[in-house]
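Listed below are the structures to be examined.
Two complexes, one shared chain (subunit A), two partners (subunit B, subunit C).
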Partner chain A sequence: MTARRRPLGLPVWVFLPALVGGAFVVLPLLSMLTRIEWGRFGALVTSPSSVAALGLSLRTSLLSTALCVLFGVPMAVVLARAQFRGQALARALVLLPLVLPPVVGGIALLYTFGRRGLLGHTFEVLGVHVAFTTTAVVLAQTFVALPFLVVSLEGALRTGGTRYEDVAATLGARPTTVFLRVTLPLVLPGLASGAVLAFARSLGEFGATITFAGSLQGVTRTLPLEIYLQRETDPQAAVALSLVLVVVATVVVTLTRRSRTVL
Partner chain B sequence: MSLHAAIRLPDRDLDLVLDVASGRTLAVLGPNGAGKSSSLSAVAGLLRPESGEIRLDDRVVFSDSGSGRSQWVPPHDRGVALLAQEARLFPHLSVCDNVAFGPRSTGMRRGQSREAARRWLAEVDGVDLGRRRPSALSGGQAQRVALARALAAQPRLLLLDEPLSALDVDAAPALRQLLRRVLRDRTTVLVTHDILDAVLLADDVAVVEGGRVIEQGPTSQVLTRPTSAFAARIAGLNLVRGVARGTSVVTVTGLRVEGLTDEPLQEGQEAVAVFTPSAVSVFRRPPEGSPRNVIAAQVTELEPHGHQVRVRTPHLSADVTPAAVAELGLAPGTPVVLSVKASEVAVYGV
Partner chain C sequence: MSALPRPRWRAGLSRAAGARCLTALTVVLLAVAGCGNGARSDGGSGGASPGSPSVSPRSGSVTEGAGAGGGRALSGTITVFAAASLRKTFTQIGAEVEDAHPGTTVRFSFAGSSDLAAQLLQGAPADVFASADTTTMAKATAGALTLGAPVDFATNTLEIAVPAGNPAKVSSLADLAKPGVKVVLCAPVVPCGQAAVKVQTSAGVTIKPVSEEQSVTDVLGKVSTGEADAGLVYVTDVRGAGAAVRGLPFPESSSAVNTYPIAALKDTRDPALAQAFVAAVSGEPGRSILAAAGFGPPTTQQ
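This part shows the complex of A and B:
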């Protein structure tokens, strides 16, 4: 749309708290920028440990995003379209990781996939170790990021309604055909923004990862963990790496907004 | 194929039976909220009635007596296509792929289905629309494409839910003509609030009010001799049946009504002239001037109709103001001259 909306008649006082809130978000980022030693910036962000952490973060986040799509799409469809008893409870449970402290999530995962966990023994027999491996990082990230994808996709599905799916069914399309040729293509923008959100959440994941996967350089030490560790020994490196994360997050948020306006 | 639908939906206060014989079109008329659309959804399989039975020919697609065994055939397996008020074209597919959707979904290959789509688009005069996106179509074009899409699925029963009501005045007549052509030998249920649709498209009419069928029968009978209040209110249209002479209709009694046609008529073919009572003026002496249809008649009845008075004569009626009634001194038995402009009369072949 090119036409500009007429500005609403807002009460003037509203701008003051809005400004304070905005400053509260932006000021910390700015003050971080003032602490960066630009002379060492290149060296700091390209140190072997930094590069390893960034690479690991990107790899694991991409993987966990893929897992989120694989399981989150069917979950969102079931929540938005199916009707079954206990649906409200199911939705609440699925969204739980959204409000749960990530550390708690990490502990829960440990008691599920850890050596002495619920499923850990089964995995052990199969010769698969999950806890404190890169797999654990991916699982931890998927655990915390999944609700983001489910929530935004379920919203898109509900807003879209079933009118096109109804038409498709009366034209003789079986449920699978309707799902693949109508439902999915129509919520693609919602799916894209959900996936971007899930990716961003995976990228920033800290609590569940350190609890469930530990902090082993190149194996489980993702960028947020690296930043936390560096802060103890070399605050300058921590600030420089933080900036890298800020930049990545900004790019991600911009992408999400763009994919939303496609709708 | 024939349809028998007994539908009970207590929470929508719906309890009706609809029957359509093979190859015929049934118009379901009624006020908003009467349960017309819910009935169509039930037949299409998008809404499950509480109880009842829906049969297509001898095949039971839904039955539930309310106790024990029930049967349910999902919508994709019913062979019933639904055309709604809005076209609901899939926005992510081209016009051609929209029309090809039905054939594709039932297992036709891509090339063949596109071929079929082109054929059906030609049927609705829309071949040149094939490459467009639905968002680039006008309301009338979109509804034509939606009709082609429904027909391409080769349904054995076609359901039309107010297919013309979202169109503007200019687009509706063309689509109505198109529907007349394609519905001729199809089994169809047409939900409408427009009496003209019933007159021109339907063989039979069912009037639904408060979730019940209150009147049912052949179109001409229900619309000219309505027994229910609703049918009487909406069916006030003047219908003159006869044969076509040029752009006019001549009845067996020699009455000639001149009008406008959308498509050329063959001399002598059966035709009907349709016009509203408000288009009719009432005089005591033949008017002079502009070319009009002038019909001599005798007033049989006067009745209030909103802010106006409906003047009934044996075959036609006119709406006039109470002031005019007084001025002309109208009363049952008064000889009058009715006049209607040719431009207010629609003439259709039947």
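This part shows the complex of A and C:
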């Protein structure tokens, strides 16, 4: 924060709104801390339902991040490098879940993968049950998190340019080799930050999950759903669990930032 | 030797800078998405708190309106905090009260009873509170928020809700315990979940739900879309849901009758209008409006 030397051309006054903005983000977190009964904290966050919710959240978020990488990387590459008709529209559609309220995403998923949904019947015939399973949670999280990865990575790809790829291609490398040996390593920082954002978004996912997946301990009740439910009877437990979520998110984001030399 | 990788790093840096810009953008978008989430999770409460404070000053200027009404006619504005299940009926009763007393305005904040009680305990300004269960009203009376004793004005019982066509051929409470029948209940910590636990205990049936939802509306949503084969919701919810959902009454429901109490609040700026509204709910036209929506009459023993 306090730079050893002030960066060139940075007016002093920008620090004031920056501080206000920072306080706006940090203050609510601090006031949450003041509401915690530390005597009960340990018992609250280690209750079976809390542990089950945290475990489920971490597992599903990891899975959905993996799915985001699996599908998001090719999507970003296609959007950044290929040229085709309706590309602008395709990009807008891919990014749509960013601006949609998550509940709307949940409803849309319900009408697609639900028992009476567009693909639901096909899935049932194949013996895949999506409704009320952990699969539904992962689908909901992937749906809302995918655009974060695509946006980060597409930006990194565009900023990086195609110089190295062009050189590799003129030296006789096949497209797959260029993609795996040149393109991907170059955008690794962008991919990493995209994956972290996708993970964080999955961890916080609430609306689509409660609409689409339901809520059952150990199966579909992730940490945000558990917090919302606990709030009903035990606000203390809700605050304690919120803190756990904040800590997990902070640790993830900080660790990934520190592990990289740049950014 | 070491001069060679140098330019590469520079290139890496500029890429990183680009990525940083994008990250910033994404974080902003993340914040926007988060806001949407928050609005969802707050439900009606979000509308309540900002709306209510603007009401109080207005009910302070009651006298202007009173002059127009003349005599001891009621006027002014009150805010009613009412359980979400009362939305349709109370809106109707509110309109009747406004018609009966020209110059009055009855405003509502509908949300989960416990949400509303929590808001009241934290000082949200309101004139009347109607909750969906006596436990929540007890919190308000314990906090010395009410003006006089609460009045029980209606009851509600559970009903089995099935999607149109009843795909799992459910006909009794015992059917819900059959394997393969996907049942959705309220979570035991919310009032409708407590009621579901009670009927199961009294009927000696153990239902293994595929989901324990946050509210009746969530249960109803899962049933009306056909995701679930059946759910336990209140009679009035089934009536309000239309053709997508069918209600099946079951005898064991009598073991979990939910009583709705209403009370004027101590901090009301307009006790006369608040009491008039309470009277309209517990007497006529409230009785008939509530009965038409499927609510039962209040039990006398309380």
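Throughout what follows, the second predicted complex is superposed on the first by the 236 of 263 C-alpha atoms of A that agree within 3 Å, B and C clash if a C-alpha of one lies under 4 Å from a C-alpha of the other, contacts with A are read in each partner's own complex, and residues count from 1 in each chain.
Just so it is clear, contacts are C-beta pairs under 8 Å (C-beta built on N, C-alpha and C of every residue); 3 or more make two chains touch, one makes a residue touch a chain.
Since we're looking at a predicted model, the values are computed, not measured.
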{"item": "Which of subunit B and subunit C A:Gly172 touches, first, second, both or neither", "value": "first"}
{"item": "Comparison of subunit B and subunit C by subunit A residues contacted", "value": "C"}
{"item": "Touching partner for A:Arg116 - first (subunit B), second (subunit C), both, neither", "value": "second"}
{"item": "Partner chain in contact with A:Val103 - subunit B first, subunit C second, else both or neither", "value": "second"}
{"item": "Partner chain(s) touched by A:Leu186 [first = subunit B, second = subunit C, both, neither]", "value": "both"}
{"item": "Shared subunit A surface residues [contacts with subunit B and with subunit C]", "value": "186"}
{"item": "Subunit A-facing residues of subunit C, complex", "value": "12-23, 25-27, 29-30, 32-34, 36-37, 39-41, 112, 114, 118, 182, 184, 187, 189-190, 209-214, 218, 221-222, 225-228"}
{"item": "Partner subunit A, residues of subunit B touching it in the complex", "value": "44-46, 74-82, 84, 88, 90-92, 101-102, 105-106, 149-150, 153, 155"}
{"item": "Complex contacts: residues of subunit A adjacent to subunit C", "value": "98-103, 110-111, 114-116, 131-132, 144, 148, 151-152, 155-156, 158-160, 186-187, 189-190, 193-194, 197, 200-201, 204, 206-207, 210-211, 213-217, 220-221, 225, 228-230, 232-233, 235, 262-263"}
{"item": "Subunit B-touching residues of subunit A, taken from the complex the two chains share", "value": "163-164, 166-175, 177-178, 181-182, 185-186"}
